[in-house]
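As structure tokens, here come the structures.
Same chain, two partners: chain A is paired with chain B first, then with chain C.
After this line comes the complex of A and B, so read on.
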């Protein structure tokens, strides 16, 4: 018996169709009522700030001088973005970071997840060890990495490079404009790897076993099985990780602010840091809003392209 | 109907009681003192606040201590802009000018005029650190830092090197630093130390250098600035002082390294006396001497010091500006000894004649009085490495961004100067 049974009538003679629609309306109202708190929260804390930021980007305004001082300046802030050396460097650094960090992180996470799924003893302990950096405070992690990548030959990493690999001129890492971003990327990969390993591992363990049995019967090697069975079946999870890592990579700020503050020069300046700089160091809030919108558009584009690719390549 | 009658009865009974309760609350509020909130990161002994409250029973001061880290200015700016309860807060190192330009601070002209407060008699040349480009007073100088050379007398004695004299020159400073570095080389001790603050390399060159040309353009190619940049780079690269790169890498601090005996001398603000007093945090047992800053060249005369003034300000959003002004005025006029006791130099000039102020400043430090008195001498010739005015902060930021690459050895001096000149003219001065 279901709501779709419309030929029956109730004892009081009210047609079931009418009663059903009343029930449905009540359920709809209840549903809307449950949604209202989160809708209000989303509107106040997400939609309104985004719309305000969008609007502010087209204005020149000092918030200390009231709304009457707000001046509409069209696309002026956005035009300035293109000639701003800080923004040019920030966009380049953000793209470099994302295009390096995301593939390396996901590839290593996938490999580790596959290894942890099959070939190791003390799997639980190892999983925990891989996940540990992700739950560590970024401030602590940044401090440890600053020590590890100490720029002189006495630094732990540079000692290894010098004495084991006979590197004569080891990198100056965070104090060199050539190496600072690479150091940040390495640290970022190390810190976030565990999160993606856990997601991919959970998905690998949920894959159907009979497919692997069929592969074994057909004589597929472990490498063939990994690339032709595991990876395709994991595609939705991999895309989830890629999308998440991409969005997070564009929002990078904490570790850079702690370690290099965007320097040396602009070598590690990123867009979020530029937003912070213009808003809180120069009090140019409307220009900072324009930079924030640029970041929003870049993340939006990347997310959509990734979704489009996902639809094309997954089952 | 019954329900409606019951509600009407309840409203009729409760409404008058609420009105009376409201007026009672207002009566109580009217009798309560006005609370002003004072935010600070380096708080003197609070006895002067108790004295102020006793003299002004209508005002109560709530003190809020914030951590003295790199984000302190952002925290205070956010409080000032967001319409918080903050009524009084300090701004240091020339950061005040950008805040004045952006309307964060309330003009104090009206209160100064009403009280007939003579800014010039109170603060002399320090007063300009509280004046905006529009001529209004937005900040009241209350403490300052005077940059001098602190040196480890025990190390100088052990090395057999003569103590710095008060009329020494930059060349003598370099020579002394090299001698001390040669002596300390095997012990990991540097000859001197110059921190990485923006424009710290310019503390001596500031005696003669000009930041702007006569027609208002960037003047970073002034021979004084060029020489100062070369000197820092030279001392870094020859190992006479801890290099810029190393200071950044280990996040070294002036107080921690000097008081740990890592260098023979250091160019530092008078605030170092505050940390010299703090044996618990910076334990040390060597004697410390103080010399004036070296003269940049022979044309410079007198006992020299680099200086920077901190001001007390009132946010534009404060609802208690008059009370805040009263507190600031009392603070600067009456609390100089308390400020001095923290190891900071007060800016209220009449207080310099008060022996209590000098004693408070010296008390607890192992620096002999003859050196402490140098900081309070009335004949010091001041210059500043800071770029004052509304454009100063951005000008200094650009210099910092560009010179980092020069000090790291990644860019030539010529390219560095060209970049600074081009960027300052375009981004700051619009030329």
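After this line comes the complex of A and C, so read on.
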């Protein structure tokens, strides 16, 4: 840029020290002035609510009444959590969802990204088509899927299953406690796949080309190249996707509240759904806060474990 | 050598065509729900569950759309969603760029501590903040106002991080001279640096627009008045009111999806670059 490596102290001038300290004071003031709007809002809308939520979990209180009615009850809410059948089911469903949704999404996304990178024509169009679901609201697409997976034999997907694939007893999807969560998982993978494809593809494109040339010269097959070169070199990006997908998968709510509201029975109840249920159907705000804290603890544990694994694997 | 590469080239060409066809089928599967939705929205109820599924309806029915636009509140939901999204995105961009600039390029006491606090809040899921926010919004009589959706949207920690990353990529040499010559910090920020981070601004804009437009949980919790709700909750109510009239429900879903799909298809390059850059580790 033609300005070289000038720094504050190398500038020539007689009252150098004085000028530097004025500049520093100006910078100090500017730094705080630029940050102040964000700082105030972040405190009001993020930090105070987090602290409040933490406190609410240890109290018993009806929010319609004044703050003086608030009663400290220690770990009572958390003790109740463990014997709550809704919560037990929610944790189990959340874990099932995450442990199937994450590996499938990332594996399929990785495969698609690798193919899109080198082996196709019309890359932009294909990428766009795969990404399309991700920009659509979960509420709208959940509405569509609810009808697509209509439980009777003449529902659109089921009619394909019976007529084309000769399935005699097509699943009852969202009305069956065995299939509801599977339907939710399929829809989740379909909705988010494009996001991970796009991220992984951007990272693959940024990999050094010469490694691939070397592979081609050494006669490595595309499959060998994929597992021995692409996957290891992409490890940081893959970990990023896995972590993000894991964190987001625990927050699943929109599609469940639209399609099943946690049912049939408790077969698709998840933690966020339970928070919503206890807070806004039963008006047990403090108990719902304890559920929300449980969600936080689970997400925190999972992201730390993933970070630990990443350190082990990628030095 | 030449022949060898010729064979390889031909083999690769076949592989490429096969892969393209395979991937195209897969991509069709990805967009099938949308095609089916649009097609069904033009069908008569009796044709919805027909087999084989017709993509071009046998009898075209536009009455569904007439009903959506005249007998439902969709026009109102639209206005509300547009209002909330625009104000939120503009406010958020202003506040997060300033904060990002401060964290990236200015030195002041307590910066590292504040930044650590910002980062730490990212670990906490938004659902944890929801109930306390509801409690004090209702004490302040902010529930059932659009402010309840707009105000918290201004303060996105993710947006601050995104802008900070953008600003720190601008070389520092560029601004040193201007500082020493006594230009004030706001001039440098708005005239010199802001034009250089347009890609980051674009990313922040598209990510936050998509997020606010599609948001369901906040409107669900903070807004209950029919004339204030946004598209997502509006579609849910519309669907509940239409019970089993699936063709009608699909036209509601189409109407709720069309704007963002059109914006996406037109600006797909920007969208995809934006979402991709949110995930490149830097």
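Worth a mention:
Everything that follows uses one rule, which is that the second predicted complex is superposed on the first by the 273 of 315 C-alpha atoms of A that agree within 3 Å, B and C clash if a C-alpha of one lies under 4 Å from a C-alpha of the other, contacts with A are read in each partner's own complex, and residues count from 1 in each chain.
Simple rule for what comes next: a residue touches a chain if its C-beta (ideal position, glycine included) is under 8 Å from a C-beta of that chain, and two chains touch if they have at least 3 such contacts.
Because the structure is predicted, anything quoted here is derived from the model rather than measured.
Of the two partner chains, chain B is the only one touched by A:174; chain C is not. Within the superposed three-chain model, A:87 lies out of touch with both chain B and chain C [touch as defined at top]. Using the contact criterion defined above for the overlaid structures, shared-chain residue A:63 touches chain B and also reaches chain C. Within the superposed three-chain model, A:264 lies in touch with chain B and out of touch with chain C [touch as defined at top]. A count of residues in chain A touched by chain B and by chain C gives the higher number to C. When the shared chain is aligned, chain B comes close enough to touch A:151, but chain C does not. In the superposition on chain A, A:113 contacts neither chain B nor chain C.
By the touch criterion stated above, A:282 is placed in contact with chain B alone, chain C being left untouched. Residue overlap on chain A between the chain B contacts of one complex and the chain C contacts of the other covers 63, 150, 152, 280.
Chain A makes touch with chain B in their complex at residues 62-65, 85, 146, 150-152, 172, 174-178, 263-266, 280-283. Within the complex, the chain A residues that touch chain C are 1, 3-8, 11, 23-24, 26-35, 37-39, 41-42, 45-50, 52-53, 56, 63, 112, 115-116, 119-122, 124-141, 143-145, 147-148, 150, 152, 154-156, 159-160, 163, 190, 193-195, 198-199, 201-203, 206, 222, 236-237, 240-241, 244, 247, 250-251, 253-254, 257-258, 272, 275-276, 279-280, 285, 288-289, 292-293, 295-296, 299-300, 303. Touching chain A in their complex are the following residues of chain B: 74, 77-78, 81, 98-99, 102-104, 245-246, 248-251, 316-317, 393-394, 397, 401-402, 404-405, 408, 410, 423. Chain contact summary for the complex, chain C toward chain A: residues 15-17, 19-20, 23-24, 26-28, 30-31, 33-34, 36-37, 40, 48-49, 51-53, 94-96, 98-99, 101-103, 106-109, 111, 114, 117-118, 121, 123-135, 138, 151-152, 154-155, 157, 160, 171, 173-174, 176-177, 179-180, 184-186, 189, 210, 213-214, 216-217, 220-221, 231-233, 235-236, 239, 246, 249-250, 252-253, 256-257, 260-261, 264-265, 268-269, 271-272, 275-281.
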